[in-house]
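Same chain, two partners: chain A is paired with chain B first, then with chain C.
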Partner chain A sequence: MMAGRDPAAVSLIHRIGAGPKLLTLAVAGTVLVIVGQWWWLALALAVILALYRFAGLSFAQAYKQIRPLLWILVILFAFQVYWESWNYAALVVLRIAALVLLAALVTLTTRTDALISAVETGLHPLKPLGVDPAKVGLAFSLALRFIPVIAAQAREIRDAQRARGLGTNPIALALPLVLRTLRMAGDVADAIEARSPYSDDDELPPRFAVDIDKSHSRKSCPDNEPPLETSSI
Partner chain B sequence: MTKFEVRDVHMAFDAFEALKGIDLTLTEKRIGIVGSNGSGKSTFARLLNGLLVPTQGKVLVDGLDTAKDGKAVRRKVGFVFQNPDNQIVFPIVEEDVAFGLKGLKLPAAQRGALVEEVLDRYNLGPFRYHPSHALSGGQKQLLALAGVLITRPDCVVFDEPTTLLDLRNARRVANVIKDLEETVIIVTHDLKLLEDFDRVIVFDHGKVIADDEPGPALAHYVERMT
Partner chain C sequence: MSGQRTSTRDIVYIALFAALTAALGLFPPIPIAFLGGVSVTAQSIGPMLAGAILGGRRGALSMLLVVALVAVGLPLLAGGRGGLGVFAGPTAGYLVGWVPAAYVVGKLHEWAWNKLNVVSSFIFCAIGGIIVLYAIGIPWTTVNIGAPFLKVAMASSVFVIGDVIKAGIAAVIAVAIKRAYPLIERRATAS
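This part shows the complex of A and B:
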């Protein structure tokens, strides 16, 4: 989950560019899916946790990333032990935990706009095939932005349903949540249109040109400026 | 000063006609729009920056037709929505403010300076690295405003900006709106906000039923509603 950025955090992991990090995440994620022995995945998990410490992040912060999934992992483990074997159950649960923690490490140590720029750059070669890198990058950002908003809405609906005595009926939660999210999507689309009046081929309007001299003496905001701190829902 | 010319505008959503033949010229610096729920006031606001285009008639902003020059109109007219949660698109405060500059060929230093300037203007500087979803309602509304003002519009249209806020935050946002140098058009149920405005337009059932200085226009509205 996206969290605040700690401007003082400057570990080696924070300084690595967003592109190499995403590439490493893709390769490491593929390896984690291919590996078939639970002990290798346990080792990978230990390495990932060590990377958290190396990035100046605490184990508590790592736990926060996995906490929302905890009960799902427990149910999954029990289910797999019952139907398969405890080895296979450990394999599945460790794989998911390692993938989630590794992905969270990337978002915790990288600026969102740098991640989006990297996604856009990576997708640029697909432009002739009709892929719009800017739109994919924006979708990526929206996913990070709206996870906590939708989670808050789910909590709100659950509380309202409880107050009406509907208990934990999943349909009573899912239906209003989907409807609310769809309505919100329309509003967000309008807001994006209203808030982004400039295109890549636009010339610099005179209203911005007057500030160039003044801004030289002010603090800059480079694209690779440091990182993120904690994360929670 | 931005000039809006609304010429015989009708706006229909399927069978429902939200606006019925609106004719207005807006040149004042502070304009309030009031009306009951479903009166067409929010639809009217969305027509002013080309988010909606009329099904019949024309809206011109400084001579630009919103149906043909939507992007150019949106550079002149910013829009702040009722729910800031739906307007904030980046997870970190400073990144969200910078979103409005996306596409502009600005040097990184200037981009940073513009972001810093607008964050400081609304006391959001200390929150620049915070997750945007963790801000209070009032701070989110100010962030939404900062995200619009960084594009330097001539005019800002607000759609019920204080409706979702508690009293303290509503006053805070109202004071910020009062101090804006830009032309302001505001759709609101907060009548106190409009007391020192230049003009108030009252909508009812898709038509303008009063258009005057705040005193008489609001008195007409209150009489109609009670």
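This part shows the complex of A and C:
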């Protein structure tokens, strides 16, 4: 579930790079917001659905993207017909549906790791502001690695508290979970520091610090093994 | 995100609180009987806890990481939602708003750290996690669905009770954690 999208499902849309796809999404999204006639949005929706087919995705998959919003859209349509006009109701509902489907299409046809590296690349211009893309990459990798771990702990704690008759007490569930998370964070930070050739807390291991300014990075031992596995996102 | 340096240890706390918030989304929503079946998810306690335990800057960064992880397509939100499509929806303000919410909760906790108790922590969690969050979420919905502000605000108010309960839980946890793992204080004395 946490891994990237199916790499075998390849279409032309899948092969476009993550960066161009995100840019296209931004431009198309802006256009969809500006358009003020519902029939243009109906046309756009039809084009987006055609793109789903073109990407080898079924209409069922498209429906799955919109399903969590379905009841909101139905209520919204009814209220907008009541407050404004059915034209306006159709405009609003079609616009949300088109935007959600288009954005979801980008997500469905792009691997998660490709999007993460697009984020890192996009952050490079922010370096003068103190944003370190390598540290952002480390944060992404760590979060991805620990979501399943913490989720498993949450389940474990819930089962244990249920056995004690505390299954519905939210504090009995959340407090041990937060404590374990903090303890784990301490251990992980210790482990990174122990395996890092740097003694300074503020320096990243060399693998994450490819582009760090020479002026404040110390020389590391060249034969040191990279301390953390990052390629397994 | 600028100026101050973020140490490796800070990155780990930021990442693990992002993971914790994501993990909270895996719990099924709890329907509240006296709210007429409105479901409350455990997840929106995440920004309150991140701010109250990590402080403003780290808390906000960890929520920014959650937002980024959702944007790159992970189904981390309650109900298994995720992907860029979420940001086009009418409730995206309540996700993006986690970042300033955690920041405000955290800054208030830093400010009153030495005399923090359950009551003050609860008030801080409510200011950041409810007032700031709704101040972003409600206008977002208004713009997204093109509905009158007051009607949206009234419809949103049913969720306030659930969030007040969450602020209370977050406050109890924050004060307990302060004794076991005082992360804000250590930072304050170190810098």
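The criterion applied here is as follows: the second predicted complex is superposed on the first by the 125 of 233 C-alpha atoms of A that agree within 3 Å, B and C clash if a C-alpha of one lies under 4 Å from a C-alpha of the other, contacts with A are read in each partner's own complex, and residues count from 1 in each chain.
Keep this in mind: contacts are C-beta pairs under 8 Å (C-beta built on N, C-alpha and C of every residue); 3 or more make two chains touch, one makes a residue touch a chain.
Everything quoted here is computed from the prediction, not taken from an experiment.
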item	value
Contacts of A:138 with chain B and chain C, given as first, second, both or neither	both
Chain B versus chain C as contact partner of A:104, first or second or both or neither	second
Chain B versus chain C as contact partner of A:194, first or second or both or neither	first
Partner chain(s) touched by A:10 [first = chain B, second = chain C, both, neither]	neither
Contacts of A:46 with chain B and chain C, given as first, second, both or neither	neither
In the superposition, chain B vs chain C on chain A residues touched	C
First (chain B), second (chain C), both or neither touched by A:112	both
Contacts of A:184 with chain B and chain C, given as first, second, both or neither	both
Residues on chain A lying within both footprints (that of chain B and that of chain C)	2, 5, 112, 138, 141-142, 144, 149, 184, 188, 192-193, 196, 202-204
Complex contacts: residues of chain C adjacent to chain A	1-9, 11-20, 22-24, 26-27, 42, 45, 49, 53, 61, 65, 68-69, 71-76, 79, 81-91, 144-148, 151, 169, 172-173, 176-177, 180-181, 183
Interface residues, chain A side, partner chain B - complex	2-7, 111-113, 138, 141-142, 144-145, 148-149, 152, 184, 187-188, 190-200, 202-205, 207-208, 211-212, 214-216, 218-223, 228-229
Chain A residues touching chain C - in the complex, by the definition given at the top	1-2, 5, 25, 29, 65, 68-69, 72, 76, 79-80, 83, 88, 92, 96, 99-104, 106-108, 110, 112, 115-116, 119, 126, 129-132, 135, 138-144, 146-147, 149-151, 153-154, 158, 170-171, 174-175, 177-179, 181-182, 184-185, 188-189, 192-193, 196, 201-204
Touching residues (chain side chain B, partner chain A) in the complex	46, 49, 51, 71, 74-75, 78-79, 81, 83, 85-92, 94-95, 98-116, 129-134, 147-148, 151-152
